[in-house]
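Each chain carries a letter (A, B, C and D) given by its place in the written order, and its residues are counted from 1.
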Amino acid sequence: MASCIRRLSIAVSGLGRIGARHANHFLHHTPRAELTAVFSPDPREITWAKENLEPWGVTIYTDYDNMLKHIGLEAVCIATVTTVHAEQSIKAIKSGKHVLCEKPLSTDLSLCQKVLDSARAHPHLKVMCGFSRRFDSSYLAAYQSTLAGCIGRPTILRSQTCDKYDPSVAFVQYAQFSGGIFVDCNIHDIDLALWFLSAGTPDKGLPKLRTVTAVGVTALEPALAKYGDVDNGIGIVEFYDGQIAYFYSSRMNAPGQHDMTEIIGTSGKLSVNAHPTSGLLESHLANGIHRDIPQNFFERYEHAFVEEAKQFTDAVLDNKPVPIDLESSIQAVYIGTILQESLRSEKKISFDRKGNRVKEWNGSAPGIAESQIRAEL
Amino acid sequence: MASCIRRLSIAVSGLGRIGARHANHFLHHTPRAELTAVFSPDPREITWAKENLEPWGVTIYTDYDNMLKHIGLEAVCIATVTTVHAEQSIKAIKSGKHVLCEKPLSTDLSLCQKVLDSARAHPHLKVMCGFSRRFDSSYLAAYQSTLAGCIGRPTILRSQTCDKYDPSVAFVQYAQFSGGIFVDCNIHDIDLALWFLSAGTPDKGLPKLRTVTAVGVTALEPALAKYGDVDNGIGIVEFYDGQIAYFYSSRMNAPGQHDMTEIIGTSGKLSVNAHPTSGLLESHLANGIHRDIPQNFFERYEHAFVEEAKQFTDAVLDNKPVPIDLESSIQAVYIGTILQESLRSEKKISFDRKGNRVKEWNGSAPGIAESQIRAEL
Amino acid sequence: MASCIRRLSIAVSGLGRIGARHANHFLHHTPRAELTAVFSPDPREITWAKENLEPWGVTIYTDYDNMLKHIGLEAVCIATVTTVHAEQSIKAIKSGKHVLCEKPLSTDLSLCQKVLDSARAHPHLKVMCGFSRRFDSSYLAAYQSTLAGCIGRPTILRSQTCDKYDPSVAFVQYAQFSGGIFVDCNIHDIDLALWFLSAGTPDKGLPKLRTVTAVGVTALEPALAKYGDVDNGIGIVEFYDGQIAYFYSSRMNAPGQHDMTEIIGTSGKLSVNAHPTSGLLESHLANGIHRDIPQNFFERYEHAFVEEAKQFTDAVLDNKPVPIDLESSIQAVYIGTILQESLRSEKKISFDRKGNRVKEWNGSAPGIAESQIRAEL
Amino acid sequence: MASCIRRLSIAVSGLGRIGARHANHFLHHTPRAELTAVFSPDPREITWAKENLEPWGVTIYTDYDNMLKHIGLEAVCIATVTTVHAEQSIKAIKSGKHVLCEKPLSTDLSLCQKVLDSARAHPHLKVMCGFSRRFDSSYLAAYQSTLAGCIGRPTILRSQTCDKYDPSVAFVQYAQFSGGIFVDCNIHDIDLALWFLSAGTPDKGLPKLRTVTAVGVTALEPALAKYGDVDNGIGIVEFYDGQIAYFYSSRMNAPGQHDMTEIIGTSGKLSVNAHPTSGLLESHLANGIHRDIPQNFFERYEHAFVEEAKQFTDAVLDNKPVPIDLESSIQAVYIGTILQESLRSEKKISFDRKGNRVKEWNGSAPGIAESQIRAEL
């Protein structure tokens, strides 16, 4: 007896570390979706796809545009390198596909804006940026508590993203196009700040940016400095109406991946992952008690990624709003770039209530394109 | 492009709380398996199946024997009430199907033995009893540590199964056929004891039963007494060659499901779930710090059930041994029934090295069938 | 200006590991007490006392009877080897001194009884057995919660005492006079059981003993067997009116001292030390997260010992009842000896409601003296 | 027999919340010290002293200068209101007394400098500012680990001081003279930063200040704004040579006192109090698992205060350096005042390697006295 279920035909673009995961999730763990096509320009990724995806009936493309023409294709999950996220998103939208794009849309705000313009020009299409933590059960529970008023007004948010140090990873080279540590790592924390603090703004909209300050050090990788980057960064973002977020990111956390978040309200605090662990096992050995923590973001967020795929699919099939607003995702990139700018300029950067930068004494005005973007958002 | 993957055609028998989960897992989360048929005699379960399974191409049967004749069916997952587990398993085996049966095979040892006889008569079929904890990542990590010698020789095992008290559950009535608290709840703990302690027996085989003692109280449900049952039970099982397991089970754990296990070796201890939590969220509120724990076994073991389905499927398709030995599963039932007998008789029950009961002063010898079963195992 | 505070003149008998601690506490951390004398027959201990106590004005005696004659002495803290606890207690009582005696009074019940007789004959004297855990802040908080009804009726108590394995300790030799692991280690757990479960007995008195079962293994020290002892013991004690305590003791806990207790009531559970740690520090290193635990009972209970000294002193000076009832302390020893007997005889031992042993099939009646003691208590 | 121990004759000035504690510690828990005198101008405090101190032979003074003339007095512990710390310290030093002064010496840097000048003019006297956390066992263990190189080079320090919100405390009025939240609360965190980061500076000296940024909000007490203060503050302090400390302070932590510190090095992290708790008790109740945390700094640091008294006494009697360097304590105040200034001015404040402020665009140079102090330190 054949299935009569309506399933979303989706393709995954890019089959690197995270793309392969997305492909696997849409293929095997998202019942209402059907992975029908994938794209990769990389021979090794294609070899992997031939072995792991093709036997399940997935068509492999080495040309992104051709993939978009796959018969019946309805949606694309974009998981290529960041530099082509925006272009691929726009192409997909223009060819009438729903889009789930890995974060960030781009490290270039004007490109982000173009994706937003495309999405607005195609309001029947769902376009979402994949911030996986929003689908993690612990963060979801924290958000429900926040909405329920358990902590009063959310006022301060502290959040960190700390990766295990891996000397074999060429993150110095990677720093050239990652956008820097605040865009690459803290983008998740910024997104969480926008999400949680919105619950406490006067109009429940995005909190309004007021000042940005960032500092950092190159503790293990001095060569990062030539790209204006660091391996440990700390940033403070003030919002209007009395809210503050502050962030820490590190590429040298010894035991593994340790991100954590505190949402501090006027009558309580929610703490996510203050006591990190990779499971429920502890070893009581001669030199003390030990536990492991996740080694990377994927071990930490595996189930969140599956839930993300599911909720995006549901939003498309049931024509519901996607769970993450695109403007918010672009604002997260914007704040990340301003933090990175503050790191490099060693300046505190201020904004007026309309989101325009407050001109500074030395005449170094922000780029025009940028402030226009801000005014429009 | 069509899939060319070989998938296992499996049916699920019984669509109650746990059966519906199994159906869902084989349908949506076990890529190499295909749920093709289900059986239930229950109108509400059939209504559920029509809504949730039939649209995916699953055939619904109201007659178990007919389901076994489903074209191409290769395996059956049995999740009906315990009283028909054995009969359905034997029928499935005799019709050439691989069997994954929910624990326990039966609370009647002679029926367990018959399933074992059938399985032995069909050695090309995979027959496994589903003890889900063996597929939980924390228990698996503990087992790997044990095998790796991290704790020396495993010597003492403490394990508990504590369910949230639910006054609406008719567990007094349920006690009539559950086999009692040691068979119903601690069976998992007993299975864990056999698994972990085997790593420390002289021949790496099952530890040999030496004595069994159990006590209990009816703290919340005095009516349990008429079925020889309790709502809190404590048991000690001694094995030959210096190993002991001790167990606690309770039906009145206030915040939810809290099972935990300690595997104590000559040079270390592994502790699973000493610090129970349902996730990574803690709430810091005016009256202290709070966290939640899973509300039931399914919240606790959801991913383990998925892994169980996957490993069973792999074992069949790849013709590998199933991960849980059937004799071990029957031995777990046996120990559970002896614990229950010890609870009822208020006696400590002893066995010789061959597994025969040591005759007691009052002449109340164990049933003949039982000792024969033991001698054979 | 001189102090006009009335202070209790107290002596400490025995300056071994625990005696030296008591001396220090009464000398420096019990403001209302004044350590005026000490007794030790051991030259090394005397050397220590000359250096550490004598300069503070403490008189050292090498004869216990002479120490009792120290001018103005009002109380004695007895911390010698267990074998002389009872004799020294009785002598102190007879010479009109208040007594704080380290646990146990004796491993010989008839000697315990004699101390009790002496104490009853001198009702104006305070006589207390020092069970330090009762003065630990976590246990005290648990007890307050229990009394406040937070967990309903206390029904099940689980408690363990696990010492760090120290191959240099001659505990095989020590086993000859320690009374065995249930008397030596679990005595504290038994005392806690009597304390907490009393809050749930019909008359708030001591719970009435019903059955005792114990087992054990010699995992690291086979030579213990010749003294009828083990290095890992598990015992169950049933009480009348639906209460059970079960215990574990071990001499091979790898990382240090880990005792813990759960008090399980009809509507909640209190857990003391499920997440052991020696402080608030965790180390996040390349191979995971680590923490230490106390290395011995003194690290764990240091502040409890100080509190014990303080409360005993207050009870004497203010003529209040001592916080631990002497009958309860003797009952703890009694239960410990019965557990040890059950371990050795491999029998479950039963009692009627009056506390008399139920005669067993093989005619091995309990000793007469013992049952008389029980009847009287 | 009288004591022949040499004990330090010490007085306590101020018997408020913290002064009464100090008096108690020197009186009862510092064996080598003898509390001989106290000073308070407050009738309620004097009443308390008459009841609690006088009977132990302590002389009460209502005039500080008279107290300094107490026969045999050798040292003074100053625990009055902050505004007289410096003056009383200088008087004590000039009269030849050793000084343990509560933090901070003053919120006025020039007064701090005067104390330092006095101390330097009397090098035989011990002068120490009491930063109690340095005597906490968990912080001490972390410091030992840091010195032992367990975490590589200490690079980033995060530290927070969060007090329980107490609407009855007049902290708005208090804000007038507290120096502000960064001086009042985070001073401890700053001191910890100086302590731990010194272990990673090129010369093991104090880390050299580079930039200071602070922000804050008045979430619960808007009236704080009129004193340039906030109830939640966040600050970042950059040091030269690649070290950063960042701080959070709050006066609205719902469950109680929660300070915590992370010391992040190039190969590991030490975490103090990430999992706050007031003991080892957890309650498993119908609505989840609960634990309490300390209600105030004293519950958290009680034993650290005792240790501080002991180590100060030992330093004097044994003529050893005091454990906390006075320059470091003044630098902590200085950094706190700069953070507070940054909060108020909304500017990032920079320093050159010599510690002089980098002149800012608007011409608002730092006070001359201040930069001179910095140059000298």
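Operating definition for what follows: a residue touches a chain if its C-beta (ideal position, glycine included) is under 8 Å from a C-beta of that chain, and two chains touch if they have at least 3 such contacts.
Here the structure is a predicted model, which means the values were calculated and not measured.
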Original post:
Touching chain A and chain C alike: which chains?
Top reply: B, D
**OP:** Taking each chain's centre as the mean of its C-alpha atoms, give the chain farthest from chain D.
**Re:** B
**OP:** Take the average of all CA coordinates in chain B, do the same for chain C, and state the distance between these two points in whole angstrom.
**Re:** 41
Subject >> Distance from chain D to chain B - Cα centre to Cα centre, in angstrom >> reply: 58
Original post:
Residue numbers in chain A touching 2 or more other chains?
Top reply: 151, 253-255, 267-269, 274-276, 284-286, 292
Subject >> chain D-facing residues of chain B, complex >> reply: 253-255, 258, 276-277, 284-293
Original post:
Quick one: in the complex, what on chain A touches chain D?
Top reply: 151, 153, 155-156, 158, 211, 213, 215-220, 232, 234, 236, 238, 242-244, 246, 248, 250, 252-255, 264, 266-269, 274-275, 346-348, 350, 361-362
Original post:
In their complex, what parts of chain C are in touch with chain D?
Top reply: 1-5, 27-29, 31, 54-59, 137-138, 141-142, 145, 150-151, 267-276, 279-286, 292, 303
